[in-house]
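Each remark here refers to the structure printed beneath this line.
Chain naming follows the written order as A, B, C and D, and within any one chain the residues start at number 1.
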Amino acid sequence: MIRLSPAHATFTLTLSCPNRPGIVAGIGMKLYELGANITEAQQFDYAEEQRFFMRIVFDIPLSDAIEQTLSDAIAILSDEFAMEWTLTDMARPHKVLLMVSKFDHCLVDLLYRWRIGELAIEPVGIISNHPQDTYADIEFYGIPFHHLPITKDTKAEQEGRIWDIFQSSGAELMVLARYMQILSNEFSRKLAGRCINIHHSFLPGFKGARPYHQAFARGVKLIGATAHYVTSDLDEGPIIEQDVERISHADTPEDLIRKGRDIERRVLARAVRYHIERRALLNGNKTIVFSD
Amino acid sequence: MIRLSPAHATFTLTLSCPNRPGIVAGIGMKLYELGANITEAQQFDYAEEQRFFMRIVFDIPLSDAIEQTLSDAIAILSDEFAMEWTLTDMARPHKVLLMVSKFDHCLVDLLYRWRIGELAIEPVGIISNHPQDTYADIEFYGIPFHHLPITKDTKAEQEGRIWDIFQSSGAELMVLARYMQILSNEFSRKLAGRCINIHHSFLPGFKGARPYHQAFARGVKLIGATAHYVTSDLDEGPIIEQDVERISHADTPEDLIRKGRDIERRVLARAVRYHIERRALLNGNKTIVFSD
Amino acid sequence: MIRLSPAHATFTLTLSCPNRPGIVAGIGMKLYELGANITEAQQFDYAEEQRFFMRIVFDIPLSDAIEQTLSDAIAILSDEFAMEWTLTDMARPHKVLLMVSKFDHCLVDLLYRWRIGELAIEPVGIISNHPQDTYADIEFYGIPFHHLPITKDTKAEQEGRIWDIFQSSGAELMVLARYMQILSNEFSRKLAGRCINIHHSFLPGFKGARPYHQAFARGVKLIGATAHYVTSDLDEGPIIEQDVERISHADTPEDLIRKGRDIERRVLARAVRYHIERRALLNGNKTIVFSD
Amino acid sequence: MIRLSPAHATFTLTLSCPNRPGIVAGIGMKLYELGANITEAQQFDYAEEQRFFMRIVFDIPLSDAIEQTLSDAIAILSDEFAMEWTLTDMARPHKVLLMVSKFDHCLVDLLYRWRIGELAIEPVGIISNHPQDTYADIEFYGIPFHHLPITKDTKAEQEGRIWDIFQSSGAELMVLARYMQILSNEFSRKLAGRCINIHHSFLPGFKGARPYHQAFARGVKLIGATAHYVTSDLDEGPIIEQDVERISHADTPEDLIRKGRDIERRVLARAVRYHIERRALLNGNKTIVFSD
């Protein structure tokens, strides 16, 4: 637990509910009564659906049962406004299960950001469909490694194992850091809202396999990468973050792959940060990202 | 007056005050009591100065003295929290005085955005130190044009005339759309927070004259433009918006000027929009921009 | 005719041919013998197809039949290397036929760049499917305007008229500056390589109608625009230029349309410049762009 | 030595010389006579100084003394055109000496790009003013590490040691990968054109110490990083590459440092690649970068 001050805790509350007057006032009063000091607040009124979304970060004096006290208070508000909500203690790193295949640039990048304290995650496991010696050059710092090769016949079984690891490790988020196996529909549904994939194209362009070769063949002038929540609809999940870089006619598919690595790793790292800082909220097949 | 609904008004409230618990709750409750529905709210807690900034957009049922009613209510809050605040009726276009010299790309661009209804401004005058026939190709739509040439000797006198026009036209904002005369310290102070300049470099690089030639000589790989509030300290005013574009060794100073025009006009247009939508708030020598 | 020097002409030679040793040497020697001084040269070896592309800009002493002399000399090289080539006198503005529908931002922008001398074009006509009074606010500087409304039944006939205007005006390039009618396959083929369209999405994402609404529905985090040569395959023509801008969950479709206008106009202007400066070369369904 | 084909070598020739007709033809003919096939050629005519720059990549049949044969042939051309030139066998990795202080993100990034074969470098040493256990988490793969702490009094002596290591290791390039010691004028001159530094600001803004804090204080809306050749004039050396990222008023100096790391590492990696692929040529206090 990392507390900036021994006497205070920092929590992030996210919520969504049908829009109506009084929500902000109600929440503001409640937090004020509880002694909280709001340090960040962002809201979004999704007019099309008359739905209201909010993210609030606040400091509050530490006490024994503070999280419970807060939860109880929010639960009452929640009934009043028909809220969906999450409350997150920001001193607790987010438990993350990392999935990888042959290309390790996203994995290495996430581990680096974790090691230097940039990303408040706690890697609780690394799963690959390739054996551990594929990653002989990478320091895993004792994070449990699981080699779970997948064939068409063993997919269901192996996904069962992944799910067991996810649950037993206490993982809160699964990150597909260039994991090149497609999750089954059933497994995707189980992980809804807590599994982030990095796709190596600027979606919705170039879904599916070998997107850089598709981009080369089409002759686009910019390539990109897309981090999204995994759903059962391949490469159609809610987009969290995208970015692009300029390319030219002189770039071969191999050049695109090289340039793409830089885009992929920064897009995935941003998406993970948005998720763990509760900046990314699901809104149907889209996301709200209260970016900083 | 442009009202989205005949029965409702939309207002934007901006405020800043010393930070302390209860501000959000207090404002939220007050607006709720007044029957307002908050559609946008953004806040910023400037930790270094313990100062709190907020921007709130809300709808409220139209009534005869609604603006007065709101002002009275906010004034009470204002006393409680030691607020500086503005209240803006979003149905009323912002009165803008446009200043220009020889290069007209920013002027033409702003007029275009106004004509198609993109920018909610009302140009109340165009002032140039060049005669009107310089702009023979531009449709001014009847906006009053003032030719006020400036020499060292006439500067004080001419600034007096500009000030008269500013006041008599009811202008709320002066935009230096590539106006190449330096305002005197005294005049800058009079216009504090309501005069936006576009400087054709990525500040703080290349202050002063001929910034594209400076950029060429230095061999930078990106050029930029900066929109800022005018202060008596040349090119040092609070920055509202900046943007850049990539250049190469093959670009001549003339190429930089050409590429720069595109950056200048979009940066200035964004800055004007941020100002009139009350997204840009002064914070000492910096700005807070609650961008969309 | 705009000559930088009364004694010299500037030409641009573009060529493509099967790759083999000796091409650069052969062309270099030939231009040297003719007294030319090469000021820019760019080449691209498309390994996949063993095809070589080149763009050369050179100065040469003016003489009565200089263009003919050059053409004759290049024709001999052309036989040797099986070249396709173009030779362009850079002092001669490119004759352009502008096509527009209701939204005029790209048209206005191109006319502005022409007026200030940024784009070396000569607009020889403006064609719209809307009547001229749609553009009452735009100064056309005497450029002939043609109102050619199109219905399903009159399409073939009207395209015939457009073709007549294209030919009789001496147009070398047709620019679809947000012209919202789809050209027939036959007409597209006639204009192959000399008709540029701006599509208001980052292709290949969001082809077809209402791309900003599609982008909004999909929840992408960047929007873009694409300038491409028109082919009979809708929105699939060779891409000349693309660009993007960041958006957020808070942007409505109307915000995307507004932000998109800025992208569209700069992408189209760049594409037109690449074309008239002979920087854009067709390479099957892709382009080579020797950008500056 | 990495040869794409056992029968062919790939060389890169760069040159600069006073501009005059016949250079391209002369070089093209010479390489043709030698049996070379040009695969890339880029040139730049620096009009201000009447100086011509060129980069040519070519394949040539392997033979025992091919490099000597080429050098002899180019030397003859060189006399004719008063050329400065370099000839580089692209199969030979560039020997690089890496310098680092406390922050290791650029070092880790360069080592990663080397390990996966993205950057054709051969790290011949790592020098730090901090002890090796500072980097306990980094795999150095047996690259010699040298701890050379520097005080005001020992600077000259320690620079002598660095120079010895540079020479004895056969290093061709020194990379200051966030090395926070300022090289002396004398040492900078020795390393002219073969020492690249990454400065953590968008130069010429925010030279000197703590640039992110300077950027925060000034309130810029984008931050950047700059890779440049080191000269005796601090932060004034020829710029090779720059890039930027958008920030907001809500970003603390710590946020800028975090966002900056991503910019720094990609800007430095690009600059190193431009240098070793002979894309970056010195042109007085500027560079020509024949980017891909």
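Keep in mind that, in the parts below, a contact is a pair of C-beta atoms (placed from the backbone, for glycine too) under 8 Å apart; a residue touches a chain by one contact, two chains touch by 3 or more.
These are the chains along with the protein names UniProt gives them: A, B, C, D = Formyltetrahydrofolate deformylase.
Not measured: the values here are computed from a predicted model.
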Legend entry - Each chain counted as touching subunit C and subunit D at once: A, B
Inset, instruction - Write down the chain pair with more C-beta contact pairs when B-D is set against A-B. - result: B-D
Legend entry - subunit A and subunit B: spacing of chain centres that average the CA atoms, whole Å: 37
Inset, instruction - With chain centres taken as the means of their Cα atoms, state the distance from subunit B to subunit D in Å. - result: 42
Legend entry - Residues within subunit C bordering two or more other chains: 40, 47, 248, 250
Legend entry - subunit C contact footprint on subunit A (complex, rising order): 44, 47, 202-206, 218-222, 224, 238-244, 248-250, 252, 283, 285-289, 291
Inset, instruction - Would you mind writing out the residues of subunit D in touch with subunit A in their complex? - result: 40, 105, 108, 112, 115-116, 118, 137, 139, 141, 248, 250-251, 255, 258, 261-262, 266, 292
Inset, instruction - Can you check the complex and tell me which residues of subunit D touch subunit C? - result: 21-22, 24-26, 28-29, 31-32, 35-43, 45, 47, 246
